[in-house]
Amino acid sequence: MIATAPPSTAESTRTAISRRPFLAVRDARKHYGAVQALRGVDFAIAPGEVVGLVGHNGAGKSTLMNVLAGTVQRTSGDFSVGETAIDAWSPHRAQGRGLRCVFQELSLCGNLTLAENTRVMHRALRGFGWRRRAGDAIRRTLDAIFPGHGIPVGARVADLPIGARQMAEIARAFSVTDEPVRCVILDEPTSALGHEAAEQLLAYIRKAASEGVACILITHRLDEIMAVCDRAVVMVDGQVTAERPIHGLTRAALVGLMGTIEAQHDRSREPTAAPSGAALVVDDPGRGPGDLPIRAMAGDIVGFAGLDGHGQRERLRALYAGGRRGPRPVAYVAGDRGTEGVFALWSIADNLTIRSLDSLRRGGFLSPKAEAELARTWAERLKVKAPSVDTPILSLSGGNQQKVLFARALASDAEVIFLDDPMRGVDVNTKQDVYRLIRSEAAKGRCFIWYTTELEELNNCERLYVFREGRAATMLSGAEIGPSRVLEASFGGGHD
Amino acid sequence: ADGIAKGDTSGKTIAFSNSYAGNSFRQVMIRSFEETGAQAAKDHLIKSTAVVSANNSVTEQASQIQNLILQGYSAIVVLAGSDTALNGVVKDACDAGIVVVAFASGVTEPCAYRVDYDLDSYGKAELDYLAGRLGQGPENLLEIRGAAGDGFDKRLHAGVEKAMKDHPTFKIVNEVYGAWTSTVAQKEVSGVLPSLPKIDGVLTQGGDGYGAAMAFEGAGRPLPIIVMGNRQDELALWKKQHQSNGYETMSLGATPSVSQVAFWVAQQILAGKQVPKFVEVPLLRIDQGDLDAWLAKVPEGGVVNATYDQPLVADIIDANVDHKPLPGVPAPK
Amino acid sequence: MPSVRPSLAPWTYGFIVALAMWIATTAYAGLGSAGATVASALAFGAFSVVVGTGQMLVVASGPGNIDLSVPSVLTLAAYASMTVMHGSDGLILPGLAAALALGAGAGALNYLAITALRLPPIIATLAWSFVFQSLAFNFGGEATLKPPAALAGFTALQVGGLRVMPLAVMALTLVAALALRRTLFGRRLLATGQSERAADLAGVRVGRVRLLAYMLCGAAAALTGFLLSGFTGGAALNMGDAYLLESIAVVVLGGTSVAGGQANAVGIWGAALFFNLMGTMLNTFHLQAGVRFLLTGTLIILIVAIVPRPRAA
Amino acid sequence: MTDATTTDAVLAARRLGLARRPWLRDALGVGLPAVALAAMLAVIMHIRPTAMSYFGFTLLFKLATPLVFAALSQMLVITLGDIDLSNGSFVGLVTCVTALFLADAPVEALLLYVLAVAAYAAFGLLIHVQRLPSIIVTLGMSFIWLGLAVILLPSPGGAAPAWLNAFMNWRPPLLPLPIWIALLAALAGHLVVTHSSYGAVLRGAGANPRAVERAGWSLLGIRAAVYAAAGSLAVLSGLALTGLTTSGDANIAPSYTLLGVGAVILGGGSFTGGAVSPVGTVVGALTLSLAGSLLSFLQVPPTWQIGAQGVILFLVLAGRILVAEKTP
């Protein structure tokens, strides 16, 4: 599946710290008030080296990268780039040294074209003919990383699907005008990429490394680390706890270093014959030829798969909209936490109960007692890590915020729950907790319609619709479900 | 002094550019103009009239006047939202051969005819009346002004300041801005009243007397002599107070029908009458003796109005030419 | 969590500054004026509070939401209710009902223009305000329509030296505060204001919520018009003009976020008292008109600048 | 595997087709107000055929010139996702300064302009550093400008320098002066905001300030520069207005604030930040300026005139259904 071969033994020994590091931090610390995001981190990367950075949610990976990229000022610690000790650092200076960063959240301007976004990063792109030069620069890089990408450089970013945006942002980080690129930090770059694009990226990272560009790759997809990195750095709670060359390291050992034991990867559910008398809770006829009707019973877990952006989310939204008009209560768990999930000004309790307010009224008014009770019950059941349910939601880590969103849906009276790729960027442990919960809720008679871009999650489903070009093209069930069948169906080889 | 000019104006058109229509005074003013215009058209004294109101925006009024020029009106009657800001367009209109009559406003462009009150006499009349009632002892006055930065307010206030020189014992203990609006005046006066000593008289600019009275009432203070401004509610309050405790005051103010004066002045200019560049119009004054007669005539909640017909306006013009006393508006029988 | 800096809630600043102005005014004018000054500020502040409470609901319903038609709805409703009541005490309730219905209808029209024509609220409500104003002109704009004696009596009623109407408006403020915290509508409004998409996906009918916010805002403006014409002796065409900027300013200074999703009903009182007492103070100090404007602007900016903002994202 | 990339490409291309094409959206953004403008002109020409002349156009659009500058000034502020409620009173202040000083004490006048623009930029900085809502800060600013203007010039008066009057009444060849100015302003705005490389950064900063900051730009500097530029355009507006009216008046232009906002919106802009069109804004300003005075041609009964303005506003904006995103 992974196209790039792991680096050879010789290579990885060669890239050990024997060379002068391109950049190095010693005892870097970062405090946010009382929160210690970094507690004395040592980190270095040599030219041409690819370092994989792994760790649970909130471990401090993004913070470390922000410190390196100049977008966050470290509280203390030494920092040097090349030979020079760095005192004050900023994105502008970082770029001057050839250091680029692809951030975890999208950092393109939606109202600008790709060429214009490229201009925003490159000071040299100005004066006469800048637009053409910017377009050329980004097109060249896009072609090099994602051959056959088909993204027009004159397109406005907001008009592009999310996968294309991610590609554009990656390409922008690698694009060259006056300064050569020396080091690129990629913070979860593949979370919105399809498999094909992800592999193209990994291949390109190797190629860039062979040309002397250092790369730092942060991802929760450990296979990617195994495939492309020379060295893995493990962070736990703001500290680097382990550093290992990839050669000779197994995936299980890496997971072990992160302090978690990965659950087994067998099929979690056997296809069960729908219990007779189970109600049909979702019944969507499909949109014309080539589009399968989508049906689900109470107790079903139905998956939506396929390459990102092939109409899964639109269909999910349509089903949800239809469900809201129907007789059965429905709920929706958004994957894009920031803009579609959390209510940023509210506490955990307020966020959790918003979907269940109807049942929390006593004498016409919401009962604070009933609210707190419901919130506590579900926060405990999902093991939300917080001092109390009155904690502001934004002070939770992303994974814990996601749990609150799950709790919102599960605490409600919904019989059908729509999951919109909700595990993006969530760490392995949390995922396993949530999978278990979903299965147990389904056993109690709830129906889940689950769109996901992570193939391993599909193991939880008993039936799967694979989407292609806006239509539910293939249905897989039971033992048919497996990565190869899904990929095949995604690319159009699966049926007919 | 040659009376009504009889030149043929049956083909002429007169437009009225009004700066603001958002209070009842202006609404009556517009209707007065329209009625006179319609009657005059019926009598073949002019061809037609038009009214355009800007929404309290000088720039909008200016561009509306530009359009009136373009439409080729013979005369434009202007109630200007600013004393000077319309000078540019007024000049454009004059250059296009249009007769411009600015009324109830201090337009400074010399090519325009002005029909206006003598605002010095406004302040003088108020203070003279108060002096007559209060004597020349030390008395506390409250002045309610219009809006800051407004030309009418400035000219009237200048009149008050001038007249104050003749009454050195009077003291204006505070001034507030009432925007010629009862509700605003009530609020502003209510706010400062607690900090003020006993008030003996209130100087007003019209539209604000009733609100001032409500403020005194609300504060539980005795009603000082508030110079009223010809609104029905003011006159009714005055009458009620008079009946219960012998309260007396006077009422002074512009009439909405000053638009009719401007209309006839414009018509007379078109008809060939020699008209001075400044035509003074008398203020309408109501004293205790005429109160009942006027109150009977003014509609509930409305403004005291009078009719200015063509002969009366010709008389007014002649009086201005001859520097004679202006013909007053007689109290209704 | 050890919160080191003890900081006051944003909405308290209006009260504090209002208090400071009250003290300054009293120091200048003598102790005897203190009671009357605050009574007058309460009486007039009450109207700003009613308009402001409605505006608050609209502002809280999301970024960019604002109702500029408040002054003309206020005026139009005052005319409509005075016409219905025709000076008769027996018709006060129908008059109130007419005003509220008209206000709610105006709010619905505002919302309709915003969604149907996809206009920013600031433009849609401005355009409607022109239309409403025109309607008021035709409703009898040539005269002030007089209120029934009982309505005028109620708005000026004092019991034991205390005015009743500000107390009634305070009760209304408490109702609004309670509604924001403890009713479905309040919760859903604040959810919608924070993120319309998140609210929609959390099962909130965002369209209905915003419609209701605009209708309540219209109704609040109408109620103000109704009460104000009782208090000031009638419905007049320009009675609403003063409430345009003030309704927005009291909402923002009262601790409601213009970014939406967060509202404070009690703080409006602080801001309304601040505005009235500031006017009184500047008048009392006999300052020249230009200086009054200058200080007004400076004070508004100073207050927003020193108030700590709620942290959003 | 290459199969997959082609699918991706095909899909991306198809989505682009479905999502409204950017150039089409841009064209509509400018086209709609232009259509509204043309329709209004047609009404006027129908009523008064002589209006279709050099003289006619001069009169029709004379007062639009200051509004064009005021609207462009508002547009810059809206580009950053802010709103400027002080625009109109600032123009009023500029007319007072101009009428009082420019003729006799040009150096002092220039100094005052520079100070005023610096103050504008300083308020922009305040908004940025303290993260204040621009709507309330600019509301406060509007009182400050008005207060300063009233202190300077307690009632309307003063006189514009003769050269300024002469320039505003100048009759250039080919097209009337207001049209020339509008064309030049639209062109300059397009070159700077839409076309230049710094304009791209500016629009990006309005839409996603974090992204622009991460790319190494100083948002502080951008905001200060934008507010300073907005102040400078407002100064131009005040100069043009003084030239037309020949005098200063503190209360002359409060309506420019909302008219400017309307022109930006009508020109296809939105409050989301970064989404504005200078050409559209200029056309929008001409349209709204004409809409306010169209009434004088239409013979609308006086009591309905202001209502008719509301209706005209709705009519000219109705085309937004075609271009605007669903959310406000």
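Just a few scattered comments:
Labels for the chains are A, B, C and D, by order of writing; each one numbers its residues from 1.
Heads up, the rule we're going with is that a residue touches a chain if its C-beta (ideal position, glycine included) is under 8 Å from a C-beta of that chain, and two chains touch if they have at least 3 such contacts.
Note that the structure is a prediction, hence the values are computed from the model and not measured.
Chain centres were defined as the mean of their Cα atoms; on that basis the chain farthest from chain C turns out to be A. Each chain gets a centre from the mean of its Cα atoms; for chain A and chain B, those two points are 73 Å apart. Inter-chain centre distance (chain B to chain D, centres taken as mean C-alpha positions): 37 Å. Per-chain Cα centroids separate chain C from chain D by 30 Å. Our note on geometry: chain A versus chain D, Cα centroid distance of 42 Å, whole angstroms.
Multi-chain contact residues of chain C (touching two or more other chains): 130, 133, 137, 141, 289-290, 292-293.
Shown for chain D are the residues in touch with two or more other chains, namely 146, 149-150, 154, 303, 305-306, 309.
Shared interface positions of chain B, i.e. residues touching 2 or more other chains, are given as 21, 27, 55, 148-149.
Each chain pair that touches appears in this list: A-C, A-D, B-C, B-D, C-D.
Chain B contributes residues 15, 18, 21, 27, 30, 34, 50-60, 62-64, 66-72, 82-89, 91-92, 108, 147-151, 153-154 to its touches with chain D in the complex.
Residues of chain C that touch chain B in their complex: 25, 28-30, 32-37, 40-41, 43-44, 130, 133, 137, 141-146, 156, 228, 232-234, 236-239, 241-242, 276, 279-280, 283-284, 286, 289-290, 292-293.
Those residues of chain C whose C-beta lies close enough to touch chain D in the complex are 62-65, 68, 113-114, 116-123, 126-131, 133-135, 137-138, 141, 196, 245, 248-249, 252-253, 257-259, 288-301, 304-305, 309. Chain contact summary for the complex, chain D toward chain A: residues 1-16, 19, 22, 195, 197-198, 200-201, 203-204, 206-208, 210-217, 273-275. Taken in their complex, chain D has these residues touching chain B: 47-48, 50-51, 56, 59-60, 62-64, 66-67, 146, 149-150, 153-158, 165, 168, 241, 244-256, 289, 292-297, 299, 302-303, 305-306, 309.
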